[in-house]
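What follows is a pair of complexes built around subunit A, which joins subunit B in one and subunit C in the other.
Right, the complex of A and B next:
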């Protein structure tokens, strides 16, 4: 249970190569749940491995409760790491697997047995303690990996590197629930690396969106959903992705021609005569924040596709300014080829200047 | 085309429209291979047609097998019940006389015991050395490619040539080893003229020759291991020795058994090293079973007797290696059968 602080942390795999992880500062509260979200190769696993000590950062510091851990090797950092592939020590029983970190610490056998039993009961592994770990199912093996972390009382944080990828959907759900419960019960800091936005949004209090070795935005799931800091976040988070339409500057406003959508331009954009070069304007809005309206609405288009997500219909409209998608409760009665009008909810429009949220 | 028609057979359960080597429809109705009873195949769903021509394709291999394995084996069994030797060549009926003689042949049993000691000890030493070398060049170290090739050099040399070179090295007055031992104060040793030393010399050559083979197999095994268990062991705080004992070694169990068995089978036939290096001497102190059988059969020309020895040798080795394999599996591949 520790607060983890990253100070101007950065990493490159070769001395003069490109940054795998661009310099960043971040603090993770003790007992919090965090998710590192991003596409493959965005640097999220690098970040995790730096924290666990498997990689030494080329720049910056990692502090656990204010103490620099650079000199501590992985074992002494007292973190638990669960990998994408369930890792068990094949030659050992479940109990021996769980007790392994304590054996490495040299803990007395009686204490070890008690601790292993406690953790095994908590994770529902009590009945299989004496079975060979090799015989377990994938999700049980993942629990064993997790248990090896929890068995140490002084565990600082649990790092989860895409732990649910190889697990069946139903078991995935259970495992996620157990992770949440463990977090509440043990008050242990948890960091989840994932490329699945649903997983990140449901698990974490704070989601850190990464792209190309850079932290693009960090915030609560709601913040990310309502105020995506960049177009990338808007597209990456939420399904279907945020709608983006190219806008032009006119009379101190950014507006999308032919739609009636407009937002006032912030003072720092352009020099009165409009945005400068490289300051492309885009208006963004969520499919969830659109309402269907009559055909004579200011914004209308032709339905091109309709598909279902649960009880909702996702309707794609074609408009000269670009494709617009909207989410509506099922039963709209629309079909491809129909003409439909839409009205955005007030206050939900976002202006992006050069792909970054303005204002 | 072929596989598609095959799939059609299985799924539709009727006589195939197309068959190898030629479409059935192209054959006359009286063709022996083409007569697949239509009514019968249609009534039995998913019936796989009988391809009788498969035996023709099996025949060449079968003939070779009979010629090089089955016939010699049966012939050896027959010969072992005769007293075929240089004075009375030919197959007569001697009953179990050769086996009775073998029972009292202390030299044979002594050779068998010697072979067991020699093969078990050399294979184990090869395993330990090979594993150590493989661990050495497994991780990122400078010039590891160079070392990987260097460690394989002894294996690339012809065994007989290797033994000749070693005989030169061990030569008590002409070889380079004794002067070196002299120079460092250990003193010259009677390498090939004292039983214990000669036995050690055979061991050294065997180990030198075959450690690279162990190294190669074990390195391949190490390189195929997943990295996560090692990361997990690091996270769990395991030191290098504990990591080896708890992670590396158990994961290498299966391949270790494979490597040891391959070597054990090879080592049970040790012959050329002994032949070149010591010719079984001094006396019979380095004689292995195969070398002794060679002496009896090819030098003394006691064909009947050497057949009885060979057959017994074969059976003992088959039983022993099976037991060793079972024991190794139980010992080293824990958890794999669960």
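Right, the complex of A and C next:
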């Protein structure tokens, strides 16, 4: 278990090619849970492979507990990695698979047997220990991969690279629960790569949102939800996505015409005459932070669609400034075509200048 | 209807077996014949059709007009066996390297190196005869077992490389990476994780090495004089102005016997599912 620090880490696959991972700094505390969230091809796997030593970064350093691990090859870093497609040693039994890292370490056989049994029981693999590993189902194979990480008491971190992609939904839920429990029981640092925002938000204490090889925002799920650093994060996190309406500068304020929505412009935006070129203003607010009000509210629109989500319903309103969605407790009695007013909760409006959170 | 098809199937198999076994049976029968029995038209059954004689078999052990093939036989076993093992070990290591690591020297890439190995078998052996002769003379290894083993390793290794590169390429690289993550060094990764997965490849490559090595006549003939003789050469030496069909038949039987046993063993291995799971 180790604290992992990335210092101005960056990677290009070819010397003069584009960055697969743009320079970034990051610290992951020992025993923490982290999620890398971003669309396919944004550099998540590249980052994990650099940490485990499968790839040598073209720039920057990786430190485990303050020690540069550049000189340590993969085997000595004691990182466990679980891949998207289950990887198991087909020529071995489940028990041999689980014990293999200890064989590599040259641990005594008695110790190995004890550890393997402990881990297998914990992961519910006790009954299949002597079966060929090849005969397992996909989710059991992923458990074996996870178990190979846990069997070493000194494992530095477990990196999970979209491990739930090929798993059935029901087993997915169970596996995610097991991961959480394992993190608490063993105190092992876990990094989960995913492109599913719910998975990331429910698993991790800190979510790192990435896009195009860049860390867009890193923070607790609550921070990401309440203060998305860019419009991209606002759209990516939360369902339905954040509402964004184009705003104009007027009297030192950014306001959306015809809505009554306005926020003071920060001093550093544009000159007195308004924002400069490329400084498009947008106001953003969450569907969760809107409340229904009477027809005569400052902001109102026509209901176009309604989605039912159990206890809630999502209501889409059309407004000249753009579509607005809100989440309201079920039973609003509205139907498409109705006219409805809404008021945003105070303090929930966010101003975006050139797609970045201002202030 | 089902019985009919079954009968048809057995008939076909029986006919094919007879077709395949026929030359061997004739060889066996001929090995017990004498001059008269061979020239007196086709005959099959000893005592009934011809008077059996052990002259052919005796000549293999230095009998009248024969050559003792025991020593060449042992030489052939030593040379083929040793060369095959060395070629398999070196070839497998080379193939793993070619499959997993990137080599480049100027415009030369992995695929070119692999083709270089294979090209050694495309060349007619005659091209290599003089260089090999000169090299062995320089090393003082002409007409010796170590010299022959050296040459056979060079001749057999391309086969091992060729077969094994294909087998290694079917093993996903993620398996190597997983082994590194679990604390293996590149060497232990190869030995403990990858090698068990290519066991069928080793069997196939080993079989090819043994067959090609055992059957080679050309190098055995050009690189030896009197001291060292291999089986194929001594069998040819059995021949004389009056072809001794009985001796040649007996020699052919003993020389093909180990290959028949090998084929049987490999066939059992493959039938038992040795190849199952070799390819994902």
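In this text, the second predicted complex is superposed on the first by the 359 of 359 C-alpha atoms of A that agree within 3 Å, B and C clash if a C-alpha of one lies under 4 Å from a C-alpha of the other, contacts with A are read in each partner's own complex, and residues count from 1 in each chain.
One rule holds for everything that comes next: a residue touches a chain if its C-beta (ideal position, glycine included) is under 8 Å from a C-beta of that chain, and two chains touch if they have at least 3 such contacts.
Worth saying up front: this structure is predicted, and the values here are computed from it rather than measured.
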item	value
Combined model on subunit A where subunit B meets subunit C, clash or fit	clash
Subunit B versus subunit C as contact partner of A:100, first or second or both or neither	both
Which of subunit B and subunit C A:324 touches, first, second, both or neither	neither
Contacts of A:79 with subunit B and subunit C, given as first, second, both or neither	both
Touching partner for A:135 - first (subunit B), second (subunit C), both, neither	first
Touching partner for A:351 - first (subunit B), second (subunit C), both, neither	neither
Touched partner set for A:52, first subunit B, second subunit C, both or neither	both
Which of subunit B and subunit C A:148 touches, first, second, both or neither	both
Common interface positions of subunit A, toward subunit B and toward subunit C	52-54, 73-76, 79-81, 83, 85, 87, 89-92, 100-101, 103-105, 134, 145, 148
Interfacial residue positions of subunit A with respect to subunit C in the complex	52-54, 73-76, 78-81, 83, 85, 87, 89-92, 100-101, 103-105, 134, 145, 148, 152
Residue ranges of subunit B touching subunit A (in the complex, touch as defined)	226, 228-229, 231-239, 242, 246-247, 250-251, 253, 334-336, 338
Subunit B contact footprint on subunit A (complex, rising order)	52-54, 73-76, 79-81, 83-85, 87, 89-92, 100-101, 103-105, 131-135, 145, 148-149
Residues of subunit C touching subunit A in the complex	172, 174-175, 177-185, 188, 192-193, 196-197, 277
